[in-house]
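Shared between the two complexes below is chain A, which has chain B as its partner in the first and chain C in the second.
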Partner chain A sequence: MKKYWQITKNTWDETLTYRTSFIVYRLRELLQLVATYFLWLFVVPAHGSFLGYTQAMMLTYVIGSAFVSDIVFSSRTSAIAGEINEGVLNNFLVRPLSYLRYYFARDLGDKAMNVTFSLIELSLIVIIFHIPFYLQHNLVTILLFFITTFLAMVLNFFISVLISLIGFWSNEGWGPRFIFYSVIGFLSGGMFPLDILPRPIFTIFQLLPFSSLSYFPVKIYLGQFDGVFLLRGEVTLVVWIAIMYVVTMKVWNKGLHAYTAQGI
Partner chain B sequence: MKLYLKTYWRFLVVNLAEFHAYRMNLINTLISSLTWGIFSIIGPLLLTSRVSIVAGWKREDLLILVAAQSVLVGIYDCIFGRNLNLLPRYSELGQLDSFLLKPINEQFFISLQKINYGSLLRSLIGVLFFLYLVFSYKTQLTISGLFIAGLSLLMGLLTLYGIWFMAMTLTVWFPRISNISDLLYTLRGITRYPEQIIREVSIYVFILFFPLTFVASRPSAILLQKLGTDQIFLCFGVMVVVLFLSRKFWLYALRSYTSASS
Partner chain C sequence: MHILHRVFNMKKYILLWLQVTGQLTQIAFASRLGVVLFTLGKIIRFVSFIIFLFILISQTKSLAGYSFWQVMMFFLTFNFIDIIAQFLWRDVYRFRSYIVSGSFDMTLTKPISPLLRSLFGGSDVLDLITLFPLIAFMIYAVGQLGRVTFVEVLLYVVLLLNGLLIAMSLHIFVLSLGIVTTEVDNAIWFFRELTQLGRIPLKVYPNPISFTFTFILPVAALITIPTEALLGVISVRGVIIAVVFSTVLLGLSLKAWRGALKKYASASS
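Coming up: the complex of A and B.
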């Protein structure tokens, strides 16, 4: 356990070392948020509502989902495909550590850094643009929000690793990953609340694992849930984590058989 | 000129052979392009399903803009995408040497050597979607309007290339910022919005993103007769300025290139 904690700390330090790269990443996140924010500011009337959302509700949702996305989606696992392609994986296979746990530890360090910056940026945006951001005061709801966000983070870890494992069979790992995550950004409710979509599509989206990554935690934070919604959401989340874990391990083992250990 | 045409023909042939040779990559690329192409249309279709007008653009106008942007992005990714994304790698590993020493323009070689044929699938989806929109909404189009809009879209493509190349040139100084391409993809996503939205946000934001409005928004506005055909001259002017600046910036950056182990 100690060695993984050290890896988490190293990742934090590493991010601070390569500051320019990190700044570019944050700039991208900020740009994405500002674009989404202004789009909805334009679409939702200042007085009145749009598909059941007032402007304040919609903007709070956008800001909230940006924060959740920073916790859930920030990940170092995108490097896995490259490490497989270039044979760097060899170094890990001969060491007394689990490659997947190593990356989970790295993710924790990366997320800690991103959450810190995200909090600062979002606070500034709320202050600068005078956004009527809704602060949740109910401690139980806040606790539920953090538990759900943690589970969403675990689910995303397995999804992200699974996409990177494509590196065992193809050296075109970056493209599919980028496209997949752009699609997930939409399906997860990262750009807008999914319940504004037509009912049948919304129902299908709720059954997919992606709505658990952003839409579900933000709805909990906003306190817009009842017992049935909560239970169904949490069960969906846990079931998808179990499924993704099994699939990831199977693909990992299959990939290791196909691995040619380039460079040996 | 003949040398460049001959070289580009070689690029086309070699990349086609590579496209066929690596089957898994081929399947991977085609699936990615297909998914992205379909999704980039389904997303706005769903989002605009309950909106009739945004920033003076009707739903069908917004969807035509999305179709035009899809066509442009597919072509961009096919011709330039992969090449410019490799630039940070060349800078970091000192591989720019091999381009600088060749008896051919280094920017030409770096920008065009890799061709991603799979991305054309996205353009094809964009074209089919455009035809579907034109026929189902009975959009009034003229041949000359189509020609002018096509021409301005081509200029938009080169403007986008200029902006992208200029941004990637920064990696000569900062090779570690390879993720700048992610930022550029996000910026490119903004070209799906009508320029009126950006203009309404803030004049400063509009000035900042001004060249991006020439990528897809203005060509679509020309096509839909929201803007006059004389806008083509403005598109041309912006393209020339952006390409000129990107070339100058590149040459300036090369002065700081230190190579590696040579």
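Coming up: the complex of A and C.
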């Protein structure tokens, strides 16, 4: 456990080493948020609602979604495919550590840095633009939000690792990853709350793993849930984690048998 | 004699570009699955944003006074600039590795302009796959706008070319930054995020923000002003802003490139 904690700390330090790169990356994230925020500010009337969302609720959704995305989607696992292709994986296989746990620890370091910056940026935005941010006061709801966000983070980890494991059989791991990034903003509810979609499409989206990554945790924060919604959402999330874990481990083991360290 | 020399030089660069682009095309199509997935990803992203716009405008009936098809023109213009920029200046994305590995030294020793080589050093034909359907869609969208005059279309095309000049200048800035700091990847992505702000009319943003995107950052000059020309709502001020931006940015970017080259220390080789 201690060695993985050290890996997490190393990743934090590594990010601080490439400060310019990280700051420009954060600026990009901020630009995206500004664009989405002002679009919704313009569309949702100050004293009315848009498809069931008041302005405060919609703007909180946008800010909350940006925050959850920073926790859930920031990841170093995209490097795995390259390490397999180039044979760098060898260095890890001979060491007394689990490669997947190593990457989970790296992800935690990366997320810690992103969340720290995200909290500062979002707080500044809320203060500067006088955003009518909906502050959740119910402690149980806040606890549920953090538990769900953590589970979403675990689910994203397995999905992302699984995509990278294509590297065992192909040099084109970037292709599926590109598709993943192309759909994720839309399907996860990063662009807008999914429940403004027509009911049949929304029902299908709820069954996919992606809605658990952003839409579901933010809805919990907003307190817009009942027992059925919560139970169905949490069960869907846990089932997808279980499926992704089993598939990832099977693919990892199969991949290791196919691995020839050809990049060396 | 001077003109002949320039024509010869131009021919040399076009031949070089064709040669390198041909080789890169062969490399790209060696991985056919990659081509399919890349194209599919782009289509999904494109369609999902259209769905988003459709949901939005079906509820509000218009966005900042623009109808669905008018807003679509902003989005399509953004895509056009984005695809052309990626196609023509794809080598900028690889520039960091040339600097870090020291292979930029090889570019400097060759009898070609290092700037043209770094900018146009091989285009990505994968970016073109989506361009032709996009142009067809743009023509269809123009048909949905109602009455569009020849002058409006002409001004749109001219301002689009002006926008591409701005995009090229920004790519030169990124190259210059790459030489001085080796930071290229995030800078180029920052440029792309910036252009994404123009996917919707800038009127959506409140005044300090829209002022920044119009007069300080060239979002309006890249996408909004050309689209407004097509929609027949452009002002003379808009045209002046676009032209001033392209002239100033081109001049400054070339200056930045020359300054960066002087600082290049070939430290990695």
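The criterion applied here is as follows: the second predicted complex is superposed on the first by the 259 of 264 C-alpha atoms of A that agree within 3 Å, B and C clash if a C-alpha of one lies under 4 Å from a C-alpha of the other, contacts with A are read in each partner's own complex, and residues count from 1 in each chain.
Convention: a contact is a pair of C-beta atoms (placed from the backbone, for glycine too) under 8 Å apart; a residue touches a chain by one contact, two chains touch by 3 or more.
Keep in mind it's a predicted model, so treat the numbers as computed, not measured.
Novice: With everything superposed onto chain A, say whether chain B and chain C fit together or clash.
Specialist: Clash - chain B and chain C, as placed by superposing on chain A, overlap.
Novice: Look at A:Ile196 in the shared chain and tell me whether it touches chain B only, chain C only, both, or neither; answer first, second, both or neither.
Specialist: Both partners, chain B and chain C.
Novice: Applying the document's definition of touch, where does A:Trp169 land relative to chain B and chain C: first, second, both, or neither?
Specialist: A:Trp169 sits against chain B, while chain C stays out of touch.
Novice: So, does A:Gln224 touch the first partner chain B, the second partner chain C, both, or neither?
Specialist: Touch partners of A:Gln224: none, neither chain B nor chain C.
Novice: Of the two partner chains, chain B (first) and chain C (second), which one does A:Val43 touch, if any: first, second, both, or neither?
Specialist: In the superposition, A:Val43 touches chain B and chain C alike.
Novice: Between chain B and chain C, whom does A:Tyr25 touch in the aligned arrangement: first, second, both, or neither?
Specialist: both
Novice: Applying the document's definition of touch, where does A:Ser98 land relative to chain B and chain C: first, second, both, or neither?
Specialist: After superposing on A, A:Ser98 lies clear of both chain B and chain C.
Novice: Which residues of chain A are in contact with chain B in one complex and with chain C in the other?
Specialist: 20-21, 24-25, 27-28, 31-32, 35, 38-39, 41-43, 51, 170-172, 174-176, 178-179, 182-183, 186, 192, 196-197
Novice: Spell out the part of chain C that touches chain A in their complex, as residue ranges.
Specialist: Listed in rising order, the residues of chain C that touch chain A are 31, 33-34, 36-38, 40-42, 44-45, 48-49, 51-52, 55-56, 59-60, 63-64, 181, 183, 185-187, 189-190, 193-194, 196-197, 200, 204-206, 209.
Novice: Once bound in the complex, which stretches of chain A touch chain B?
Specialist: 18, 20-21, 24-25, 27-28, 31-32, 35, 38-39, 41-43, 51, 166, 169-172, 174-176, 178-180, 182-183, 186, 192, 196-198, 201
Novice: For the complex, which residues does chain A have touching chain C?
Specialist: Residues 20-21, 24-25, 27-28, 31-32, 34-35, 38-39, 41-43, 50-51, 170-172, 174-176, 178-179, 181-183, 185-186, 191-192, 196-197.
Novice: Under the touch definition given earlier, write down the residues of chain B that touch chain A in their complex.
Specialist: For this pair, the touching residues of chain B are 22, 24-25, 28-29, 31-32, 35-36, 39, 43, 46-47, 49-51, 54-55, 85, 174, 176-180, 182-183, 185-187, 189-190, 193, 197, 200-201, 205.
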